Amino acid sequence: MQPLVGLIMGSKSDWPTMEHAATMLEKLGIAYEAKVVSAHRTPDLLFDYAKSAESKGIQVIIAGAGGAAHLPGMVASQTSLPVLGVPVQSRTLNGVDSLLSIAQMPGGVAVGTLAIGKAGATNAGLLAGQILALQSADIKKAVDDFRANQTQTILDNPDPRGESERAAK
Amino acid sequence: MQPLVGLIMGSKSDWPTMEHAATMLEKLGIAYEAKVVSAHRTPDLLFDYAKSAESKGIQVIIAGAGGAAHLPGMVASQTSLPVLGVPVQSRTLNGVDSLLSIAQMPGGVAVGTLAIGKAGATNAGLLAGQILALQSADIKKAVDDFRANQTQTILDNPDPRGESERAAK
Amino acid sequence: MQPLVGLIMGSKSDWPTMEHAATMLEKLGIAYEAKVVSAHRTPDLLFDYAKSAESKGIQVIIAGAGGAAHLPGMVASQTSLPVLGVPVQSRTLNGVDSLLSIAQMPGGVAVGTLAIGKAGATNAGLLAGQILALQSADIKKAVDDFRANQTQTILDNPDPRGESERAAK
Amino acid sequence: MQPLVGLIMGSKSDWPTMEHAATMLEKLGIAYEAKVVSAHRTPDLLFDYAKSAESKGIQVIIAGAGGAAHLPGMVASQTSLPVLGVPVQSRTLNGVDSLLSIAQMPGGVAVGTLAIGKAGATNAGLLAGQILALQSADIKKAVDDFRANQTQTILDNPDPRGESERAAK
Amino acid sequence: MQPLVGLIMGSKSDWPTMEHAATMLEKLGIAYEAKVVSAHRTPDLLFDYAKSAESKGIQVIIAGAGGAAHLPGMVASQTSLPVLGVPVQSRTLNGVDSLLSIAQMPGGVAVGTLAIGKAGATNAGLLAGQILALQSADIKKAVDDFRANQTQTILDNPDPRGESERAAK
Amino acid sequence: MQPLVGLIMGSKSDWPTMEHAATMLEKLGIAYEAKVVSAHRTPDLLFDYAKSAESKGIQVIIAGAGGAAHLPGMVASQTSLPVLGVPVQSRTLNGVDSLLSIAQMPGGVAVGTLAIGKAGATNAGLLAGQILALQSADIKKAVDDFRANQTQTILDNPDPRGESERAAK
Amino acid sequence: MQPLVGLIMGSKSDWPTMEHAATMLEKLGIAYEAKVVSAHRTPDLLFDYAKSAESKGIQVIIAGAGGAAHLPGMVASQTSLPVLGVPVQSRTLNGVDSLLSIAQMPGGVAVGTLAIGKAGATNAGLLAGQILALQSADIKKAVDDFRANQTQTILDNPDPRGESERAAK
Amino acid sequence: MQPLVGLIMGSKSDWPTMEHAATMLEKLGIAYEAKVVSAHRTPDLLFDYAKSAESKGIQVIIAGAGGAAHLPGMVASQTSLPVLGVPVQSRTLNGVDSLLSIAQMPGGVAVGTLAIGKAGATNAGLLAGQILALQSADIKKAVDDFRANQTQTILDNPDPRGESERAAK
């Protein structure tokens, strides 16, 4: 199946975070490709990837990186596809550096930034799905089902003490 | 023309920031509606707006707010349309509070967050355009033209001292 | 017994923090109900809860949430009951995001914010008690007794090396 | 009229912020007394004030201070009345120091903290009203009217460009 | 021996930090007393302690506290003895809250603030010694010896790989 | 008169802050010398100053600096006199950098750190006075008088609206 | 004269900061070229510039940028010449975002980061001079003269009150 | 072999970070000497080291320190050799204090600052190599080889799931 989403990250060490984007895309039935593309260590690959993504049929790019996280912004500089950025939690500053490096883009080149870490990766997959749902009834249904399910799960488990108390016994 | 983008903000005082999103949308030829919707002071309106946006033909929602900025996240909780959030620069904390209140969403409800202030508002308009360009050749051309123009402007003016020196004389 | 305090939180994972509010309420002999209500994943439930709390006899609402913590502010937007907010310590930013998302409310919709984490949850229970004590001699006595006890405990154990040294031996 | 709210602050220079609490209390028809009480420069006065407030008929204390803002917490250490704290925007750190000094109280002594600056002062007055409304139908009506009015004002002025554009002409 | 330094802290849980001040004072041969005095939970004790310290012969007070750390500043408000403050590392914010709550005192009431945590406690003991050395040749000699020793220890062990490599083998 | 306090700063541009230390010293009748000593641009002067201060009769050194503020710590490395550090408000980071550069000293070399900016400079002068008061009845009286006066000024002006309202008329 | 230093920046608006690097280079007699190269808006130019710099005879590159400042790191990814980065003070976050985006590079691609703003630009010029001085006796002499002069200027003007008092008269 | 790089650090406890600089220098075939030099505890040694480095043939100094990290700046104040600073991750503030203490140098004395922790130490070694490569074809080749290798390693391992999945099996 032709991948619709390009899921890239600066390093293999970002995978434990970024796999949550992959999981969400799979849950929504969206084909994607996952690849390590480092802004700093493989800049030519980054340029090739960003410039060729559209012609390969990619519609949304999700880019995760930590620290001085330049990957999402630099991808966005080379393509007019929507780019979503995931700040990976950094060792020293908990991801504040990653968040600011991704979110504080200058006017004229946009990155839609998600939360630091796992929640952000999950939501990057979800937001990619919401964007693609504008053109696909199937993806739209998958997104709506996911949302309805997560709502229902909470409604069915209103007692905060439930499981943990049982677990504690 | 049917608006494709809903541009909402928590207060009229956000307009000097959010009008840069409007300007970009106009530049890209995208119809939009602009409205004050306060998460805290008009919660029912917020719910009505979010729940009815899709059926009215809105495809992307841009929400701007400052301080404890709950508008983007709460809109996203009520619609599966893509929601882009703009942290408005706050009086006391320069927008750090706005940025964190918008970006740090939990997994399962996504907001694509842009930069604090004017640059973020501009980019929210641009990213909405990039999303809509996936379905519209006209918007795609407008986005590509905008990008090509801004690149050319810099290439044509490589000397940083240029204008300012002349202006200083 | 009719609950006087509504103790809500965005997720079951907030319970290890928020149970300290429950413990304090029990210590003060105040009936409460505890429930998971997610601003983002169950917004309709949030609205129902907030709008019906007063008519059910609830007098104070304690709401705990982490990250982009919108629950306390959104509850406060739907009820004129006093709302106390507890910033739950977040995984990535230690609760700074939670604190700012709860405390930095705009003028016109108020949340009384407590400290991040366990201390804040304990104090939310205590402050709810202090508010209810304005109308109840029993609760007032319970609050005063709690305070007198905690003071006396310190006065009775002035030596900082006491227990820990004995424990170390 | 017997004051129900004690409105204190560390310095006269806090008045331009704290008068917004006074304005709100007046709007809600709540009698209050306003006084400079410095935790650091008049500690004995602080103790007298805190210890005698309850017997004078005060029901809620609002305390505003900036920098190493100890006033709210130290008042709370001397009275079991509910204490609301307003972080005044500091000269050097924009009020981050004030916010943390007020909000991060240890478990056992509670301060309900509002936002930094004017919004926080306004909301301290409002939250005091919400607390007093539990015992007073008049104050409850005033609070509900205030809230309804502010909602209606936004609903009546949905266009963010409205006044500012007209003003600009 | 008459204690010259009063070493107080807000809670027994501060002892693992504050004992480093005690260790330094012992190393310098300075008599001290150590006591738990909580600004928030035993305010009357705090006042008594601060007001009577001078007449008891105390010459320097070291006060350690965490979070909304009011102890050093409130002691300083009640005595004209020099007060040194140690920000204890807090659970949620790593001691940033403690540091700002102690250091950011308003003009007119001074606290000499040391580093967050163990280093700060050690240095509070040392700075107390430096202050007392102005009047005592014995303490001056002890301070100078301590300083000379710590310098010599580094000069004698210039190789950073030394011990750790040996330890690793 | 033999100066008892050495008041040094990294640059002439620090004087508008540091003169508040001078003002306080004059108010307390304490002789001082004021000098520009830059840690980075005149390191040899810094070493000479620090090493010779004690023999010249200086008893306390107050050092003010901004940004990467190394002056107080480096003076403390060369003398066993008590060193008080004043973080001067920096252009870009409001003095957070100055505060951390001064306060976060490693164990073994101590600087008593005051607040950022004017308040800190005032308090450095005051704390120097409190230290010298341990040996001087005159300085002790001056400190106590200063403190009593500032307390009385507030007690005499309890109404926060007082002067400002009159001034506004 | 063949430029030895490439001085680039993301936007003309960075010139008021970056011209201080130019001034220093001129003071040291070092030929340079100044050019606007935007990482985000002219990524191809950035790549061309970085890849061709060495063959053109450039020996050090100084890159200034603000916000999500990717220019220095991306240049460093394309050349093995030493790259010095200057965080330009940003509108919303005072340059904290710029500093972290430049300094927090991953291991394997290095940027020597200077201070935020004017001081950093000045020092980038100076550090470039210190690097080039390793191969040039003329530049070494110019660097040493600059340093000796700035030291002498302070030694000649030890009184912090000097000029400002005279200026005030 | 005559060392070209002086690798100093404030304490033996900095070695686990700073050894990554040593590893890189070894990888590049650059002779270096490693030494503990504490700005605060051995200031005279620091001065001797900095003043004599050039005459000993050192060409670049790498200085690592944590907390109030004064070592890099103080070395730079005593030598016109290029100085690279590595902020060591501090116990309490994760290295934010180290980063600001090193990076925020005043105009006139420059330190090229690297990232906090291991990545910064690695890059300090690399940047020293890039500086020395301007004069040495061998070092230039080593730098280029290192860079080519790290690029190739990523190109050869594009699948982020690769090793970790295999490892997990």
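Residue numbering begins at 1 within each chain, and the chains themselves are lettered A, B, C, D, E, F, G and H in the order written.
Heads up, the rule we're going with is that contacts are C-beta pairs under 8 Å (C-beta built on N, C-alpha and C of every residue); 3 or more make two chains touch, one makes a residue touch a chain.
The UniProt protein names, listed by chain, are A, B, C, D, E, F, G, H = N5-carboxyaminoimidazole ribonucleotide mutase.
Remember, it's a predicted structure, so these values are computed and weren't measured experimentally.
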item: Same-interface partner of A-H, chosen from the options F-G, F-H or D-E, over half of the pairs matching; value: F-G
item: Inter-centroid spacing, chain B versus chain A (mean Cα positions, whole Å); value: 19
item: CA centroid of chain A to CA centroid of chain G, Å; value: 35
item: Where chain B and chain F are represented by their mean Cα positions, the distance between them in whole Å; value: 48
item: Intercentroid distance (Cα basis), chain E paired with chain C, Å; value: 34
item: Per-residue overlap in chain D, given as positions that touch at least 2 other chains; value: 41, 67-68, 92-94, 96, 103-106, 108-109, 115-116, 118-119, 150
item: Pairs of chains satisfying the touch condition; value: A-B, A-C, A-G, A-H, B-C, B-D, B-G, C-D, C-E, D-E, D-F, E-F, E-H, F-G, F-H, G-H
item: Partner chain E, residues of chain D touching it in the complex; value: 10-11, 39-41, 43, 47, 66-68, 70, 73-74, 76-78, 90, 92-93, 96-97, 100-106, 108-109
item: Contact footprint of chain F on chain E as seen in their complex; value: 20, 59, 80-82, 84, 99, 103-116, 118-120, 122-124, 126-127, 130-131, 133-135, 140, 143-144, 147, 150
item: Touching residues (chain side chain B, partner chain D) in the complex; value: 9, 12, 14-16, 18-19, 34-38, 41-42, 45, 67-68, 91-94
item: Touch list for chain C against partner chain E, complex; value: 89, 94-96, 115-119, 150-151, 154-155, 157-164
